[in-house]
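Starting off with a structure, shown below.
Chain IDs A, B, C, D, E and F follow the sequence of writing; residue 1 opens each chain.
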Amino acid sequence: MQMALMVEYADAVPEVKAVYDDIMATRKTDWVNNFWKILANHPPTLARLWEDVKQVMGTGGALDPLVKEMLYIAVSVTNNCEYCIHSHSAAARAKGMTDGMFGELLAVVALANQTNALANGYRIPVDPQFLSHDGAVAEPASLAELDFTDDPAE
Amino acid sequence: MQMALMVEYADAVPEVKAVYDDIMATRKTDWVNNFWKILANHPPTLARLWEDVKQVMGTGGALDPLVKEMLYIAVSVTNNCEYCIHSHSAAARAKGMTDGMFGELLAVVALANQTNALANGYRIPVDPQFLSHDGAVAEPASLAELDFTDDPAE
Amino acid sequence: MQMALMVEYADAVPEVKAVYDDIMATRKTDWVNNFWKILANHPPTLARLWEDVKQVMGTGGALDPLVKEMLYIAVSVTNNCEYCIHSHSAAARAKGMTDGMFGELLAVVALANQTNALANGYRIPVDPQFLSHDGAVAEPASLAELDFTDDPAE
Amino acid sequence: MQMALMVEYADAVPEVKAVYDDIMATRKTDWVNNFWKILANHPPTLARLWEDVKQVMGTGGALDPLVKEMLYIAVSVTNNCEYCIHSHSAAARAKGMTDGMFGELLAVVALANQTNALANGYRIPVDPQFLSHDGAVAEPASLAELDFTDDPAE
Amino acid sequence: MQMALMVEYADAVPEVKAVYDDIMATRKTDWVNNFWKILANHPPTLARLWEDVKQVMGTGGALDPLVKEMLYIAVSVTNNCEYCIHSHSAAARAKGMTDGMFGELLAVVALANQTNALANGYRIPVDPQFLSHDGAVAEPASLAELDFTDDPAE
Amino acid sequence: MQMALMVEYADAVPEVKAVYDDIMATRKTDWVNNFWKILANHPPTLARLWEDVKQVMGTGGALDPLVKEMLYIAVSVTNNCEYCIHSHSAAARAKGMTDGMFGELLAVVALANQTNALANGYRIPVDPQFLSHDGAVAEPASLAELDFTDDPAE
């Protein structure tokens, strides 16, 4: 049961209407989904989140928008967020995610949850070789020794 | 502090050595990382997990191996698995992940964790329009009404 | 679907009735909510939890009861506990939480989930200045250097 | 081990320097903590998060800044974010949190994690009486029947 | 709302039918539960998971099958997986779990979630005495000093 | 870094000393582990938690104390609580847990985390057959149709 009433366009204050208008213009649609209609109960959160989503999930970045939607699904599945699984799967489908890609995405997410438990449970120490990949290590000398090409690495 | 001693190649039983050999042959390296040397304390888990990782994370599927590594990182960050964040970031770097891609990946993961909390906290009901994207809906009639192209959807 | 039948007052064993009586007397109500009626399937858990809740959530402590209800909601949202979000939002409302306070509470919870992911994902080392605030540091010399007044600190 | 190098002021690009300047001016300090120095590896994330934190955690809202810091700690403990526990405990201390308040805060957080598990494990259905507190219910008629005053409610 | 249609036996491809046949033969039943009928949308995941479950959850290991089902429930409650709580409670009931055992199981799970929050929140350092129990410590000399017999240890 | 100083016996107030004495007497040891020495910073939490642990984890219940320790480890691994993994593994070892049992325990915990993600990700609906096992279903008629004996059920 939802914790707040949805704010419909006709009942919205101007600052909410402005966000709704921008959502519909950006998406080229004539409707606003429930996420925003509930956030509209707290207008500063609505405005802030819409700016966040536009900045992070839009085109023009280093990652493909479809990849970003799939990363979103991976997090949402791990956190068991029903709304977000549906909304971002819909968005990913609209950007080209096929049934096969969705099945493989969930297989990776499930496997990662499995190995996370093993690594945390055994308290496995990080190999020094992995640290050379991180920005924190000034001289990645040992990196050259590694060959991860085509590596189904754990 | 780790919960079990690492099993080195020289001390391993034959079934463990066989997995180690396959890991090194598949990866074209001459070393085995700590994850497997700890799992070797329970040989059936070692053998099972290596088969899982080979099947799920290898090439030839519907998703690019680099995308799969980034999905792995997204889950590992959400679960706060230090080992897995390092090992899969190393693997993703070796497959082409740049600093900019890593920064954008974490931005998406962080945003998803934020909106997951909002959707779960407000108990937002799923829009019926989203369900038409799912395999569970036999007749995705309303799908045609949606235009998610270039959509920074939440 | 619930995992156990609710134990109604008329059907309860004496030790369960005694807890129900104390719940209603403490709350000045004539009903018992489902949480307790389900816990009553395991009477020692019912008795223990009611004592825990009375001790921790009651008046007379260092924190205001309304603040404690909001902390409860923050945890329940993060864990995605639907029952607890509803029950403690009802309790917080009865103690004075307004729509504006609830909206701001969820904004903080959502932001914290976002920055938790960033801090865990980047494995950010704790600043030594922060440790001087903790009881574990005997000589908080550097504390004097800090001025957090009016600080929207991350 | 951190996943990126810290960006020091002297080495920062102008857009990062501008955020650092605003952080120090807002906080009236002459240093920037590690969280921001790591986020600076991805300047748009740095700028966005700082705006988010200023908007959500600052003064002038419906909640007291100290309460907001304690809510932040509640989430960070539940997610096991070491950095955030330290940084926000330091901020809460600077805003007046005593040892007794911190002890009580953790007691509430721990109890909530316990009852979340019980409510989720038993799949306890939400009492209809609680729903009348939510904005989603148009006519909170039954609310008048409830008396939560001084209620250590679960 | 489910994210994929269930694959019924009559509509299944041969590799899915083979797994269904093995599930029914192993369980001595004439039906397949929804978990497998949904996984069948991605046949390699179906086949892999069924092999995993057979290996890990079957008889012949170091742990009693009923204990393994209860461990499964403990994880599923902590992750709030409704499906898994029901399916593994059904399996545990069929293997002898009584109401009293289920009540005690949830009491342990809830208490563990509570103390996990306290240990993580206070960042409690591990006692060196505990490390001597781990395989990682070569000389468990101090172990002899410990007497945990009949210990309700935290 | 710990968030509070440890309270040593010599420095403790009487109510803390009384709990320490009971811990040592119950465990037949002459030392108190760090968990309690940190909780002693908030004496009511120390006293409450020790009573909780004695009630839940002691002998005389429906579950074997070793099984309870292993359930505790399963939760602690899933929540990534380093302290609790070590302390309860030590306790479980002292009660008879072998290397083989620990390896199998982690295999179950890891598999459960994997299937939890699949069930949550696919939003798999619960089979009506499973509900008949729950107390919530008055007439478990269909139960007789099930044969879960020796079932490696998912």
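By our rule, a contact is a pair of C-beta atoms (placed from the backbone, for glycine too) under 8 Å apart; a residue touches a chain by one contact, two chains touch by 3 or more.
From a predicted model like this one, the values you see are computed outputs, not experimental measurements.
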{"item": "Remotest chain, subunit E as reference, centres from CA atoms", "value": "D"}
{"item": "Centroid-based (C-alpha) most distant chain relative to subunit F", "value": "A"}
{"item": "Repeat of interface E-F, chosen from A-C, B-D or C-D - more than half of residue-number contact pairs shared", "value": "C-D"}
{"item": "Distance between the centres, which are taken as Cα means, of subunit E and subunit C, whole angstrom", "value": "28"}
{"item": "Length of the line joining the C-alpha centres of subunit A and subunit B, rounded to whole Å", "value": "14"}
{"item": "Centroid spacing, where centroids are CA-atom means, of subunit C and subunit F in whole angstrom", "value": "21"}
{"item": "Subunit A residues counted as touching two or more neighbouring chains", "value": "1-4, 41, 44-45, 48, 52, 56, 78-82, 85-86, 89, 99-100, 103-104, 106-107, 109-111, 113-116, 118, 120-123, 126, 131, 134-135"}
{"item": "Subunit B partner contacts - residues on subunit D that touch it in the complex", "value": "1, 3-4, 41-42, 44-45, 48, 79-81"}
{"item": "Residues of subunit F that touch subunit C when the two form their complex", "value": "1-5, 41, 44, 48, 51-52, 55-56, 126, 131, 134-136, 138"}
{"item": "List of subunit D residues in touch with subunit C within their complex", "value": "1-4, 26-29, 31, 33-36, 38-39, 45, 49-50, 52-54, 56-59, 61-63, 65, 67-72, 74-76, 78-79, 81-84, 86-91, 93-95, 98-101, 103-105, 107-109, 111-116, 118-127, 129-135, 146-154"}
{"item": "Complex contact set, residues of subunit B against subunit D", "value": "80, 85-86, 89, 99-100, 102-104, 106-107, 110"}
{"item": "Subunit C contact footprint on subunit B (complex, rising order)", "value": "73, 77-78, 80, 82, 85, 106, 109-111, 113-118, 120-123"}
